[in-house]
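Only one structure is covered here, and it is reproduced in the block below.
Naming follows writing order (A, B, C, D, E, F, G and H), and every chain is counted from residue 1.
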């Protein structure tokens, strides 16, 4: 059995390079994918690669990976210097939401953009958000990450003209455990312009933000 | 079978007069309770008395009831003029949340207080809340009603010193239908000081607000 | 009690005019909002206005409303001729998803855009989608509506470069009843670039699509 | 990236000092917050700080923390001797609910109050509760913690005039696992005057109790 | 197609005569079952026969049925005078729980027992229960029906030696709607000796009570 | 907008003619589909066509439809006399499950097969099933429909060599309401060989049974 | 704080001696309870005492405990030789359900009864159950434990006159994980006479069985 | 207590040899079953035997087992060389779904068939599926395994004439965690001919596929 079929044409077809979700894959499967990509001289972005999986890879592979433990992402292949931009902004409600925000940030970095993270501006202390309002209003697309303080999505979308891509995070306890409450808060929001991705899906939010930004440029195909 | 056992001593024991939840009761059961109360010369508060139930009661009972169709509440017995107070405030996120707010307001009225309702200050248009901030900060206890815009609970609790009693309302569609999302948003809120009651339970919120207010006065027993 | 506080500044602040969700509002509340808007010479978009609510409005109000029974939306005020565009496309998996698609279409119409609806291209008969692929690839932003055939979201997002705004519809029975399965399918999709809104929220999808499109233009404020 | 924005003004604004939820935070993030607080000469209350996180902090920080392993809370900064009071009471249904009760107790201690815990008075052995009734009736506000024996909330609220703040605990197995059953029992309670917070949220219950007590005093701002 | 296969031997095999759940059956199906039973000279107990179904039956069938609209049960065939007994007791928390209690009572009546119903002794007013304690302690098996005040199950089981068969009722609103909260409260109860049946299943509780009572008598087969 | 795109090639591609789910469609949409099929000289099978929808169709369409009110199905176009066969059997646990069984039966009839229905053989009276065992063992594929007595799926699959296609029905009350319990019972069954379709999906079960039967014959394409 | 209040009078009041649920308790809390019981010369039954908790107890306590690792129960104090009886029977659907069955068996042993366990008679192989039918019919009360093969509850209740106490077990995967499917199957069962306890609650089932058995004997008080 | 009752006649009765689900069983229970099978000279298939359970078996047993760590299955007894066939095909959406596919593959191998696995053809890159279409259309029965990309089930069933047995896998995060979303997507699929088994139940899918294939052959009994 050939255990995987990488979609090398995805970048050409959809404008975003192939990425590999490592959760649920055995280290030998991940290693085989990396070898294949190396042979095909393809850059690759890996998400949810936990330290134990990384440690189980052959040394020659771990050496060439650019691994970030906070976001649990890895990049295979050269990164050209990314462009700094404030067109996309990443905002988090709490410190605990940063890991997800960093997955989004690394995804954008892999795709050539370096964007600011505005951290810990949850609405329980509204002034923290209000103080950054000018900066927030300058963004064209905002990625917002929140778990227990999902009220951020509604408040933000009512304050800015940009679309808000909500990333519910699984931070929280009790009814909030697992992120479903934050997800539903994003979906139920009265403030139009809120778009949602799966819980903890910083990668998906970043890709969608890129696609939205490109929606305004001449088409790829 | 005697079908009910009214707790006439409740007011004496807990400071709040007996109330009757009419949902799920047959008109003849409600009528019998009203007759019993009349005979015992007891005042009574009825909640969730829908128009069809009211219409099925004998005329001599409907005539002596003070019925409010918006909140679907009725009062049996004399009301002395209530005291106006800003100690308790009722706030709603949207116009659709008013019916629940009015159940709270009528409950307080039955217990001798007339309190203001600050309507339609949902956080999707944050300025509506900010404009009323001084008024809100003057309240000792705030009852907040919200369905789709449950972010109001968190934002409010971060802005005022008073405890916020959150009443999730069942207004909404999709994931918000039934009020569970608003309920969970209230419970998961990071802003400490938010207390929650059952969905659409304006009555319970009002009673709890009264008990909190009295917690500061000399005890009843 | 003043029962509502319309956010007339919303258009200025977020680029999208105020809309009113009629579900859960009494006819007299809707009428009062319409009167207020008329006095303020403001255009207004009403969603989820069901025929019974419409019939209960005073005649002089229903006469000036442009009401569409399929999408249950109404427009108050003059509409200038909308611009035809293929930048935004609306796609439905089945015929039953059309009502939601039309809510999106009417929202865009109210905001000045006339966009095509590509109906009934669910993936159970994949050729129906493949036949329209060129047309679909020409869109900058795609709104996709699906209930039982939510596989459409994933397949579509893998075929086009544009971001796909998924609107789960509540069409379906058994496990699919209520739209939660379609919603989760959208969220769990492996194809990056899928963004989700609440079940049946054609309005929200259209507003978000507009905001994404405008993300490329000079900012409003 | 600055990873956190402490709300030093919260105490001034809402009467309760800032607290930090440690669950979901990395040790280096917690350490940085502690350093910042020390520099700003601010007292700080930490919740859900588990022993592994504590052990990973630099020694100079652990030495100055007053850590309680049962409630997993820590206090940074001087505590002046707290006032003993019976105005707030903490009650638990079972021994297993004590950890949550102690989180509430420590929160009150940090805010200057020392309150009694009445443990293991679940209603399956009703006499245990009845025996303490006089003591319970003397409280102005009661915090009740229960997991499997959530009937305590209803019974208690029917016996006392004080508001009951219910804290559902995640103790239990089968349907009771996770605390959702206890939570719903609190919300569904017929006995008015029951207010609810998130599962295991002893901290939130204590803060709300404080706010209720202060509702009677001259306002802060 | 023969649309049904009545289990005439059930009484012989399990000690309880066949009963027919009418919910979900068409009137012509119910009529055919009644005709068959009449021909076979079998007594029959019908549950959840709503007035509309009854009205659609042929007159000669409705005339011979002993129909009780409150419990929506009907008896076909002669009833010998039932034996009065206090061995089984039926208790309800509220007036709204009576319909379910009456389904249990009628099931016992059909099987030859007349048992007392002790109504409206919910624990929010504990004295109502305490006052009847002697009577309750005299029962060998107790059927307890409760919806919003499901705390009754735990409290009762801690006060009496008899097994308590809990029937959660679907009375209630918000989180309590549908009876799931009452069901879970029964299952999670710490007071051992609580046994549970399906929501609103007064019939099943009565049959089980009979079976328990008979467990002590000489076996049937 | 063209509101539908019928998949006329489905029969050629998958061996099963196109069917139309009428639930959620407006009468004018259903009428248009029927007109299109008539023009294309295509036979068509309609499911979940409720009497109100039927009554709203133009007379010339209702006249040519072969409508069955119990299964709410309709056939457009000539039916050649179907082949009687015992290769597929339909079994129901209760009388209330018959409507779903008849949807399956009509689907097979439309596709040229007339199969027996063995009704009301639920396992609460096991002898009813045991008596028909020889007949059941003669089937090659068994469609079993059950709501409250979903134990039928497991028991049946342990007794016969044929695969069992389980159709959970939405008959039932309390926890069983809506069919989710029956569905899960089918999925959790220990008896291998049980395959499941959506709740109430008699149509899908019949189509799958046909496909399984054909799996043994020379291929279609 | 005194952390527990043992209900020494429970045996006198309800006929069943106090038991201690160890899950969620710290070893020092368990130890203190054991010391207290020893001092009071009270026998005690401990459930859900896992090996790690046992190992953390002081040696002098573990030495006097009669610990059974399979059921994770322990007995403190002398056991007089139990009476063998077939009045209560314990039945399991699978081998994996034995741990729960043994909790029930040990509970009965502590209360003076030794009862047979009939293991692994799930209905997927119906003959295994049929072969034991005579033995099963001789029981007065049957405790049945099942996880994935919860069909056992329905089938059994249709075959015997005794009441069946269903104990859903948390054995299983996929939809069956956690035992909720087995629980719902027990509750939805059409076969009357099925009574249910919480998932994995072998202890509760045994106590209830004892109470049912005693319901036929002269009362305790 | 004899702890298990193996169903040696199952193969004769249903055409599929007995298999043992090891999850939830203690090593000594598994060992006893293996010893019994060896003594009875019966072949046996073990599923969900995790490495820790295997390691705890006596050496003489592990030596005679053919263990596959990826699928966590073991075979006891001789395997005759299996027949290669394309009548059954196994398809996976992603690499992470392979473990479940291999459980199916091993089950078929134990029953004498060797079938191809077509891996990683999820519809997010539709060309991967289209490229293999001819191969897929040659299968008589298709087993499809998918977790996050459950759209595969619908798309596949619309492209082939064979019945599709959907195996939802528990791969995924956020809303997809645990496999419930994939399961519901399979059940809600509009493409008729999709049949579903429990989450991760590769074994059940393989057995059902065998039964379907045999439905065409002369019966076993």
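Structural remarks
By definition in this document, a residue touches a chain if its C-beta (ideal position, glycine included) is under 8 Å from a C-beta of that chain, and two chains touch if they have at least 3 such contacts.
Just so it is clear, the model here is predicted, and its values are computed rather than measured.
Path length between chain A and chain H in the chain contact graph, taken as the least number of steps between touching chains: 1. As a whole-number value, the distance joining the C-alpha centres of chain D and chain F reads 56 Å. Chain H has its Cα centroid 26 Å from the Cα centroid of chain F. A separation of 44 Å divides the Cα centre of chain C from that of chain D.
The centroid of the Cα atoms in chain G and the matching centroid in chain H are 35 Å apart. For chain G, residues that reach two or more other chains under the stated contact definition are 10, 21, 124-125, 148, 157-159, 172, 174-176, 180, 183, 187-188, 190, 198-199. Pairs of chains in mutual contact: A-B, A-C, A-D, A-H, B-C, B-D, B-E, C-F, C-H, D-E, D-G, E-F, E-G, F-G, F-H, G-H.
Those residues of chain C whose C-beta lies close enough to touch chain F in the complex are 70, 95-96, 98, 117, 119-121, 124-125, 127-128, 147-148, 171-177.
Contact residues of chain F toward chain G in the complex are 93-94, 122-126, 148-155, 157-159, 172, 174-176, 180-182, 184-185, 187-191. For chain F in complex with chain H, the touching residues are 10, 13-16, 19, 21, 87, 137-138, 140-141, 157-163, 165, 183, 187-188, 190, 192-199, 203-204, 207-208, 211-217, 219-221. Chain A contributes residues 1-5, 7, 9-10, 21, 23-26, 29, 33, 48, 168, 170, 178-180, 183, 198-201 to its touches with chain H in the complex.
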